[in-house]
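Labels run A, B, C and D following the written order; every chain starts at residue 1.
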Amino acid sequence: MKKEVNVGVIGLGRIGKLHLHNIIAQIPGIKLIGVSDIIENSLQEVSQKYDIPIIKNDYRYLLDNKEIDAVVICSSTDTHAKIMIEAAQAGKDIFCEKPIALDLKEINRALEAVKTEGIKLQIGFNRRFDPSFMKAKEMVQSGKIGKPHIVKITSRDPAPPPIEYIKVSGGIFLDMTVHDFDMIRYLLDDEVKELMAVGSCLVNPEISKYNDIDTAIITFQYKNGGWGIIDNSRQAVYGYDQRIEVFGSEGCVQVANQKPTEVSLYGAESTTSDKPLYFFLERYNESYINEMKHFVDCIQNDRNPSVSGYDGKMAAIMGYAAKESFSKKEFVGIKNN
Amino acid sequence: MKKEVNVGVIGLGRIGKLHLHNIIAQIPGIKLIGVSDIIENSLQEVSQKYDIPIIKNDYRYLLDNKEIDAVVICSSTDTHAKIMIEAAQAGKDIFCEKPIALDLKEINRALEAVKTEGIKLQIGFNRRFDPSFMKAKEMVQSGKIGKPHIVKITSRDPAPPPIEYIKVSGGIFLDMTVHDFDMIRYLLDDEVKELMAVGSCLVNPEISKYNDIDTAIITFQYKNGGWGIIDNSRQAVYGYDQRIEVFGSEGCVQVANQKPTEVSLYGAESTTSDKPLYFFLERYNESYINEMKHFVDCIQNDRNPSVSGYDGKMAAIMGYAAKESFSKKEFVGIKNN
Amino acid sequence: MKKEVNVGVIGLGRIGKLHLHNIIAQIPGIKLIGVSDIIENSLQEVSQKYDIPIIKNDYRYLLDNKEIDAVVICSSTDTHAKIMIEAAQAGKDIFCEKPIALDLKEINRALEAVKTEGIKLQIGFNRRFDPSFMKAKEMVQSGKIGKPHIVKITSRDPAPPPIEYIKVSGGIFLDMTVHDFDMIRYLLDDEVKELMAVGSCLVNPEISKYNDIDTAIITFQYKNGGWGIIDNSRQAVYGYDQRIEVFGSEGCVQVANQKPTEVSLYGAESTTSDKPLYFFLERYNESYINEMKHFVDCIQNDRNPSVSGYDGKMAAIMGYAAKESFSKKEFVGIKNN
Amino acid sequence: MKKEVNVGVIGLGRIGKLHLHNIIAQIPGIKLIGVSDIIENSLQEVSQKYDIPIIKNDYRYLLDNKEIDAVVICSSTDTHAKIMIEAAQAGKDIFCEKPIALDLKEINRALEAVKTEGIKLQIGFNRRFDPSFMKAKEMVQSGKIGKPHIVKITSRDPAPPPIEYIKVSGGIFLDMTVHDFDMIRYLLDDEVKELMAVGSCLVNPEISKYNDIDTAIITFQYKNGGWGIIDNSRQAVYGYDQRIEVFGSEGCVQVANQKPTEVSLYGAESTTSDKPLYFFLERYNESYINEMKHFVDCIQNDRNPSVSGYDGKMAAIMGYAAKESFSKKEFVGIKNN
């Protein structure tokens, strides 16, 4: 039996609690040693629900703890790079939620520390671990659709985030499209050569006050020549719309939305069935479990996580390119270095 | 170029008008020479719409006409056998709507005449010419599902026929299930060994006054061992429900309902799409054209129609067996002789 | 916060291990105190995987333990009634896997003890807790399909059980159809008046040596007049086929199979997508969690479980009626007393 | 009864023969008086199949014929404008296949003549008469999806046209996307403000020799603010891919592809079903009949056809804008005047 991986979870917001629950209840081979959060209420909430050995305000308690092998960084985005560097220096393997940072220099500094210390780093691009998307990629890789010509991603949230979030998120291309940027790289194992982003505020005009938009179209070309389109909206009233299509010279693979039940009602007026699953917690539930299993597996078997720091950096670079393209209204090249 | 087949249409009710239209507008190689109907209004209606050389009350004008190669018998059921015999004696090839007759002796007499005169006879089991069912049968025949174990047919009309029709139809097993009886023989190229029919009046109690029912379940076993189920209702408020399933040792083939459009609406409450096509004119439109093309093809190339008089007789025999089973509440064997 | 329910799990076969895992990892408000199994290996297996306070060969250790509030009986069928009686006498609330017993007298004795001791009993008809079936029932109850006319259940396993199981299972109607018998009562909140069962060995002739069959058709009528059909096969090569349909005067509700992914491949020959989920562990995963949550909720809030001992008894009565009907080849009435 | 509309068909290529067949067999209230084609073989072919009063090389025979009310122009694109002007001057109502011309000045001249002579003109944008797209538009118009935010059209041919066609077609934006340009105007009753077209030769490099491409992505914004995407490919190996989606503030309407049958095969490896219908003759069969019925109806009831010369002109303007955008790689505004 493999040695259990002892972890600490840093940050207990929505995504931190999700990972905490999975680590406790769903992932074999992992053991929770401690948690930290700067907000006292969050600590109290989890301490009432679970039996956790170490519960601290300061994440440095976790870094100093020799028992802990790895940390799961779920704190606010502006602290990711700093904690990552300290955790690397403390010799901990790191699972870090995306994005690594909003600033490219900070990303580079964090990745430098990871490299210097030789620890493992996995970025939380959970969608890469969704069974449907994995199967789609596998089909593309195995040549079932021939040479890819057009990739299409529809990615729409059920409702906009609070304005407070909009203010600090870095904008739609960095807080939302960033997942799609990673997905298009994942699907084809190919880098984007250049992209063009347009859009506007159609859902909520208030969002525009913070220099952000809620509806976006991104057109791009891969280095190998294929084309692609992403369309984003911050509000699809029928739920979380997450569809993918890869069209190629020999066929087309499509991933449709998932629904809570398989019930249909045939009535005198029409046929009705479910809406898609509500949001990421429901839709990507399995992917969060799978990514953590992968992290544990990589530590136990000394492998490199399939979602690297470089992947985190590239998605951020694409987000910045989209911002630039949006303001210039022209194609912007992607440099990968 | 093959010689055109000259036809006369006898009987201009709903189904007669359907065939008339197809002969005029849809079927190559066929030429309409004349029509007959005992109702003057029906003749006037078609004469205003189409340019038809011979329009008569008495079908014998058509039988006497040397130019006419074949007749399409769409008159009322009680006249089918009589006209069939006269047409056979006049040397005409015959397309006859189902059923041949409600009485088995009459059926035998009619089939005897067909045999004696050596003319071609095709019975109007149009569903055998539906592209979806043809493909399903082809899959079964080619072994794609292995050895058939269970055949299931759902066959529900959108609304009950008028009570006047109920009075003379011979009952649900002869006016409605008869199509399904033919379909189960068609799908497996196997005869039914025995069947059991149950049911009651759940749609309209008035139907029970005429010793008929509106909801029926028929369970049966094939000679080769497979089992089957038919379920009928005279009223599916969502439209014509015509589904087929053949389950076997190596797989299962299913035919779903067809819808008028492929439009879906994703709304805040649910996803809505079309109801199935309304009734047989819409659902089986293509099959009516295909069966008439087959009839023309058989005459032009001197082949035997794939839906024989024997098929017409067997479906009737099964209808009678169902009636007997229903009254006895036990399995009744099918004799095919 | 509600008091935690302390449980012991008796029997660690396939279904016992499933409940054990759910109790440990998925169900809030429940705490595992101990397990028992007569097979030493089973105990060792779980003790290596989980940290369980009490691990014993003899279930009576669990019944004697004052800390334990409830037991989950997953031992072999022939021991259910005996353990149930002893557990009731020990004052434990009981979750018992179906069937209660293969013998009706034994069932009655067990239910009598439950009644006398006033403890709670829930039978493991997990399918009642499947989200799709729950939604279907809710639609029927709320009148969305009007008065029910025809209920159809397709229930096919991916592969036959081992012959060893066939020998002791009580036959297809008691080991397999019993779930469907419960489902038809659940869907309509109506009892079956009479049923007729037919079938044969089409999958594996060896099964017939033990007086059992592998392919079955059950036709039935509800007390309120509606009709129904169940079709069973012990082998659907494409996976677990679990479909339900309730057709009524105002519409039709259908539950389709679930697939592992929503991926479709459009190729030059055809469109391909997933097979249904493989078997009950995959298909009914959620229902097992839900039923245990319901059990915990009933104990914590002093409510009667929605799946009663009477439900367990009625399903068994229907299984016996099916056996009788099968051998007599005629309809057999269901007495509910 | 309305007066029959007497028509002549000019040009008997693929689309001319399609209209000819529909006029003869499918459209009530219309009567074929004559046809013309400069190719002798085409005339012989139709004369053997149909009984047509006037068959001439020179279309002017049809224009001079007083009996003829209207002409259906299906000749080669470069002759459309010229014939349209002459037909208008001869007082004939006109159904003209798209495009009116490849040159904007010529289009203006033709439309000027139509206006001056006061005759009716309908352009052959048949997709506007497809039942699925009509229903989608109706849903948008009736407010079922709220305010439209994103329109998406997937439009892919099963195979590229011959190189001979590529040489003279005016390029992908004028021979293929032009239908999609019309569709996006139709769906929202809104004009496009600006568009951006990119793409390349991924299917067949030979196409690039004629300054054309085979894979294109067009991004656009409507005057009212909504965004849109069209993706085109000249080769989808799985058939004609014609999907539409309108996403709005209150929901999303989607039109899926149509398949020849509703048959599914559940096998041990996967579930397989049909590919989409092969090409426009199959997919848009009904729309061709509907558009001609509309033309007849407009003449009989003195209404303006819903697809005007202005619509034909706007689609061409958008095609030119796409060409310009493609070469400049920037957004190009659409002037509608």
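The rule we apply is simple: a contact is a pair of C-beta atoms (placed from the backbone, for glycine too) under 8 Å apart; a residue touches a chain by one contact, two chains touch by 3 or more.
Just so it is clear, the structure is predicted and the values come from calculations on it, not from any experiment.
**Student:** Using the touch rule from the top, work out which pair, B-D or B-C, shares more C-beta pairs.
**Tutor:** B-C
**Student:** Farthest chain from chain D, comparing Cα centres?
**Tutor:** The most distant chain relative to chain D turns out to be C.
**Student:** Whole-Å distance, chain A centre to chain B centre, using C-alpha means?
**Tutor:** Using C-alpha averages as centres, the distance is 58 Å.
**Student:** Can you work out the whole-Å distance between the CA centroids of chain B and chain C?
**Tutor:** Once rounded, the distance between the two centres reads 43 Å.
**Student:** Distance from the CA centroid of chain B to that of chain D, rounded to the nearest Å?
**Tutor:** One centre to the other, that is 39 Å.
**Student:** Show the residues in chain C shared as contacts by 2 or more other chains, in ascending order.
**Tutor:** 236-238, 241, 250-252, 266-268
**Student:** Where on chain D does chain C make contact in their complex?
**Tutor:** Chain D reaches chain C through residues 236-239, 241, 259, 266-276.
**Student:** Any idea which chain D residues touch chain B in the complex?
**Tutor:** So the residues of chain D in touch with chain B come to 1, 25-26, 131-132, 135-136, 139, 144-145, 250-258, 260-268.
**Student:** Quick one: in the complex, what on chain B touches chain C?
**Tutor:** Residue list for chain B touching chain C: 146-147, 149-150, 152, 154, 156, 196, 198-200, 202-203, 215, 217, 219, 221, 225-229, 231, 233, 235-238, 241, 247, 249-252, 329-331.
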